[in-house]
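Below, chain A partners chain B and then partners chain C, in two separate complexes.
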Partner chain A sequence: MRSAARTALLALACAAMAGPFLWMAATSLMGQLEVFSPGRILPASPLWSNYPEALTSQPFARYFLNSLVFAVAVVAGQVATATAAGYAFARLRFPGRDRIFMVFLATMMVPVVVVLIPRFLMIDAVGWIDSYQGLISTELVSVWGIFLMRQYFRTLPRDLEDAARVDGAGHWRIFWSVALPLAKPAVATLGLFAFVDAWKNLLWPLLVTRSMEMRVVEVGIAAFHSTYEINWPYQMAAGVVAVLPIALLFLFTQRYFVRGIQLEGIR
Partner chain B sequence: MTRGPQSVSLRGVEKRFGDTVAVAAVDLEVRPGELMVLVGPSGCGKSTLLRLVAGLEEASAGEVWIGGRCVDDVPPGDRDAAMVFQSYALYPHMTVAQNLGFGLRVRGAGRAEIETLVGEVATVLGLSGLLSRRPGQLSGGQRQRVALGRAMVRDPGVFLFDEPLSNLDAGLRLRTRDEIAALHRRLGTTMIFVTHDQVEALSLGERVAVMDRGRVLQVGTPDEIYRRPVDLFVAGFVGSPAINRLTLARNSAGRLTGGPFRLAGIWPFDRATLAVRPEDLALDAPHADFDAAVVRVEVLGSEQRVHLDGPGDAAWVARVPPTLRVAAGDGIGVSVAWERAHLFGPDGWREGSALRPS
Partner chain C sequence: MNGPVERARHRRGRTPLPAIAAAATALGLAASLAVAANAVGNARDRATGNDARMAAALWELPGAGAQAVAQFLGNRVAIQAAEAGGRGPGEYGYEAGALDPVVWIAIDPEPASPSWPAGATVPALLAVLLMAAWATRRRHHPPPPRYPATTSILTAALLALVAVAAARWADLELEDLSAAHVSHALDAASIASATGATPATAARVAGLPWATATALDRPDQLWTMPREVARAITALPPDLRAAGAYTIQANGATYHAAHATLPTASGAAPPPTTLHLAFLGYQETAAPTIPLAATTTATILALNLILFLLPLSARPRTLRRTLAAWSFLAPAATLLLLFTFGPLLFSLWISLHEWHLVDPAHPFTGLDNYRDILLDATWWSAIRNTAVFTLHVPAAMAVALALALLTQGSRRAIRWARLALFLPGITSVVAIAVVWKWLLNDGYGVVNQALARVGIGPVAWLTSPDTALPSLMLISVWMVVGYQMVVFQAGLAAIPRDWYDAARVDGAGPLQRFRHITLPGLRHTLFFVLVTSVIGSFQVFGLVYVMTEGGPLGATDVAVYHIYREAWEFLRFGNAAAMSWILFAVVFAATWLHFRLLEGRRDERRAYA
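Then we have the complex of A and B:
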């Protein structure tokens, strides 16, 4: 009885999660007016042509490339900065270490939107609007990532580092040859979250890019939503295609996502 | 790297963690090639002392010398000392060969040299067939050997062992203990070995330093430590079953008395502790110092441990030959080998031996 109730509850939760995605997929195959027919959930006859039409109505190939460059660069940057900073906060001894870390953590309470304008002004000041460096540079450090890595490094047995020190290794060597290889699961988690975050980022790319050449997928999808017209089927078709890489990624790396959420829970 | 065994000298070394004094003004000389055991209860500062020698902790005061040079400003890797950790601290992501060779690689040794040295050590320790395994695929004993090999491969002037046997089961522990002793005989390297196990300390150490609450109470050969403990703590810590004690007080005539005993001579304090090793009690001697009831007899094959109700209100244990016929409930006359009994003053320091009853 209890297990039946649990199954029902889980099914409900699954439906709530999967519902919007299925609706998106269904809408992507409807005609423009069909979308608004009352009570219509599934397309009368699937309009597969929505997909090629949507993806060629704008230069989506370029958008995907931009999104990929953006996401990969952010992953590389965040992994590099978070592992180094996380290790320093976890293991090095320097004056004010924990206070500085608290200041870092405190910045997590500042809403992203609040720093959007200052970030924009800074990028504008150095003339990087509508460029990769403008898009990427302010995303290279993740305080959440630093926190994640610090927590992970703190769980590594200190004896290992002591052994390496007696073996003659310095901080850098210990970080690179001992701590980092052992932190692979945390690095994988961080990399995945950074990738997904960058991939689905709309606000910042929308603000900092102008030309079609610099647009990312999310901005392209949003562009179906113009002042006078909303092409729901096209937007949903592009949305389905944009979600696919993430969904596939998730299928193969579920355990890292779960671990990331668990680690986040330790906070 | 072969500079031979090095001396280790601690001069007034102190280590404080905040308000806690982990090591208090320790002076200790370890001679080149000597196997010195630091023994004491957990929390006595012995591991901290070892870490100070290794350079993993910085002394709050005093100096650490290795091989005739002060190493206070020398990083751990340049101290010519290698350490074996209680947890073994093997790098889990490296193979046995990589674990053994890591220290050499850090020092910039060439691939061929590393391979040769790792091969030699692996042969000595019987690890040759395991070189491509990871620590996770090894048994406890094998991991222990890898940890030992990692220290050996660098051919250090000093070996530091931090309770390396405490994670092994009893049988393996004895075997590894013998192996370390054999290794010491063969390499002739200076070794400092930390343990909380007094049996291990006495059986392994050429000299033993007994520690308590951050202080080194006594340094001596196992026999000196056992036969002539300078401190009541040392007397009680070393030996199993523990040394028998009885508190004595000064009577109006100025003599120390307690239970059935009255010591000859005038002692300059009001209270003292009489301590007698279990084997220094005899149950079949022609004359008895006191009578006691037998509470329990432990038959251990090679000996018997006879638990006595007395002297006075103390409960003493006597260690007697297995041939002696004695049973619980017996009343028995007990004689004390006074020439081997000890007297400790109120501060715990030894005040006399070769006592005489009066």
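Then we have the complex of A and C:
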């Protein structure tokens, strides 16, 4: 009985959470005027042509390519910088280690908007506005990622490293062939979060890109929204296409997401 | 460990680095402030002296006398016979002795503007001394090897900032004095020429280099001026010269100058005489502050590096390990330095200037931007909206905790619920915003249609100032609840089951178990979620950008959106940078408050343990 009530409550919550997405999918298949007829929940007959029409009205393929390039580069950069720094903070002893780590962590408190203007001026000064390198270069390090990797490296047993050290391996060798292979799950988590964060980053791409050719998906959909203000089916079709990759990614990798959250939550 | 010998060794072994750094910083600060204040003070003395000299010249002019002096200086002047006491202490004056009787013209000094470098010297020194005292305080344990540079880089940066700001302040003050002097000289010259003096005499009264219109083509005749300045003046287009007071850039400084066409005495003799006035700028007085600050900063840093490397090189293993560690840290540290710490200081710098994206000139304006913003009602309304928006965090946490408790203990339920609950938090914010804009559409949105079925009239979710912000808060709850739930699930899993069983045996009901086991067990998790969510919610942008654009009537104008518009719509970067620093201060204060509250609780718990 109590179990049934619990299941019902949970189902209700899930419906509330999933409802907007389902409604988005339903609207995306309706006719342009059909959406305004009251009481309509499902399309009379699914209008699949909305998708090709919406997606070709602006260069969405290019937007997706840009988002992909941006996100993949950010993932590569953040994994490289965070694994190395996290390893140093977790496994090496050097003067001031904890204090430097605290200084790194403190930057998580800085609202991005504070550094946005200087970053923009710096990127502008080297002429990287509206280019991939301008888009990517400021996003290559994640303090959250460093923290995550440090937490993970600390949980690894020391014996393996000691064995490698007895064999005469240096710090980089141990990092590369002992610690990093063991940290694959954490690297996967970091990579996924970096990918998702880059994918939904709106503000920085909005500022640093100008031409349509350099727009990412988020900026593209925002621009699409203001151009096709009342054409709801088109907008919903674009929305579905933007949400789908992340939804699929999450469906297959959710345990890494959850592991990441748990690693950061428990200290 | 606590024997007297060991203690003595620790005391001897401890390098008094922080003390040295603090002393050097104090000296540098005091020196740069003193240089700046001294430069301004000298210039002010000189300006008053110039006024006195001009007044004396007017006094001596036949047909001018006391009346002309009074006209020139208004109530700033006191004329008295030199024999009758004259020369009071600290008075500026000039003896007009060529005529009888010898008089003493005493002048009130130029009104001083609030001079913060001089006023700031004492508090700055005090702060540095306190820092030194703190740095050298007795420790119970020998300090571990550390970077003396970490503290002193900060103090050195502070020193450089203060010194540069002091130099800029001096520049501004001198510029004011310079402009004031030019206008005084113009006054003196025109008063003199009104009493019938020839232009040459008028120029002498004004104490200025001058030339007739014809001599303008021969810079060498402008003999009192530096050659560069004279060249710059003759190079000016004639229409600009005719415009009266103007500034010119020469010799790396700003000069204030003026042209005046003086009426000839009888009004008869052509050609009208042009008087060229120029007064030296400020470059020779304030400029030394910046090299001084740079040298001091560099010395402190070099000293620190040496004092850090010296003891370390005696321990090769530590040195090797440190270098290895920094090879790991280098990429992240470089990027952070370049794109986080550097920009932080840079944005502070921008916030002290009037900085437009399209205007290459960025005049220093001190704290003017901050003053303007603090008086700006729209900014305060943006801050208030942000604070109200943040109230969605506790609501979301309550829902998330309830969901986490619902799914507690059932693995399958967790897994299935997770996908639906989590998706809003990780997917495209813009897409979500667009969907909700459609859902909450006034006339055709599904939410209002459903409400109409049960007889509730259409709600203007996003189009009324009263409901727009609450609507965004509701959507935000919907977005973050899944993420928070997963964190709470992890926290709940870490609470030992035995505790619940033991409580049940003791007869504790569900509410009591929640109150005495779940909540205390989740304390750290709750704190973590609260802090990160509050920091995040202070930075909300995407929802507002897509859904309401800050409207209706500014009801959803939140801080980051306000800053975004200030910078990229109105192109006022200086203002925007100042706003972002105010936002940073607010976030910092909020986080610090959270930490303080948690620390307090932790002490309390330790007392019980």
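Rule of thumb we're sticking to: the second predicted complex is superposed on the first by the 245 of 267 C-alpha atoms of A that agree within 3 Å, B and C clash if a C-alpha of one lies under 4 Å from a C-alpha of the other, contacts with A are read in each partner's own complex, and residues count from 1 in each chain.
What we mean here is this: a residue touches a chain if its C-beta (ideal position, glycine included) is under 8 Å from a C-beta of that chain, and two chains touch if they have at least 3 such contacts.
Not measured: the values here are computed from a predicted model.
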For the combined arrangement obtained by superposing on chain A, do chain B and chain C clash, or do they fit? fit
Which partner does A:62 reach: the first (chain B), the second (chain C), both, or neither? neither
The answer to whether chain B or chain C touches more of chain A is C
Regarding the shared-chain residue A:99, is it in contact with chain B (first), chain C (second), both, or neither? second
Just checking: does A:141 make contact with chain B only, chain C only, both, or neither of them? Give me first, second, both or neither. second
Least Cα gap, in Å, left between chain B and chain C after the two complexes are fitted on chain A: 6
Can you pull the chain A residues that chain B and chain C both touch? 170
Flag every residue of chain C that touches chain A in the complex, lowest number first. 144-147, 150, 312, 318, 321-322, 324-329, 331-333, 335-336, 339-344, 346-347, 350, 403, 406-407, 413, 415-424, 426-432, 434-439, 443-444, 446, 449, 478, 481-483, 486-487, 490-491, 494, 524-525, 528-529, 535, 538-539, 541-542, 545-546, 559-560, 563-564, 567-568, 573, 576-577, 580-581, 583-584, 587-588, 591
What does chain A use to touch chain B in their complex? 157, 159-160, 162-170, 173, 177-178, 181-182
Quick one: in the complex, what on chain B touches chain A? 51, 54-56, 75-78, 81-83, 85-87, 89-93, 102-103, 106-107, 150, 154
Can you name the residues of chain A that touch chain C in the complex? 6-7, 9-10, 13-14, 16-18, 20-21, 23-24, 27, 35-36, 38-39, 80-82, 84-85, 87-88, 92-97, 99-100, 103-104, 107-119, 121-122, 137-138, 140-141, 143, 146, 170-172, 175, 196, 199-200, 202-203, 207, 217-218, 221-222, 225, 232, 235-236, 238-239, 242-243, 246-247, 250-251, 254, 257-258, 261-262, 264-267
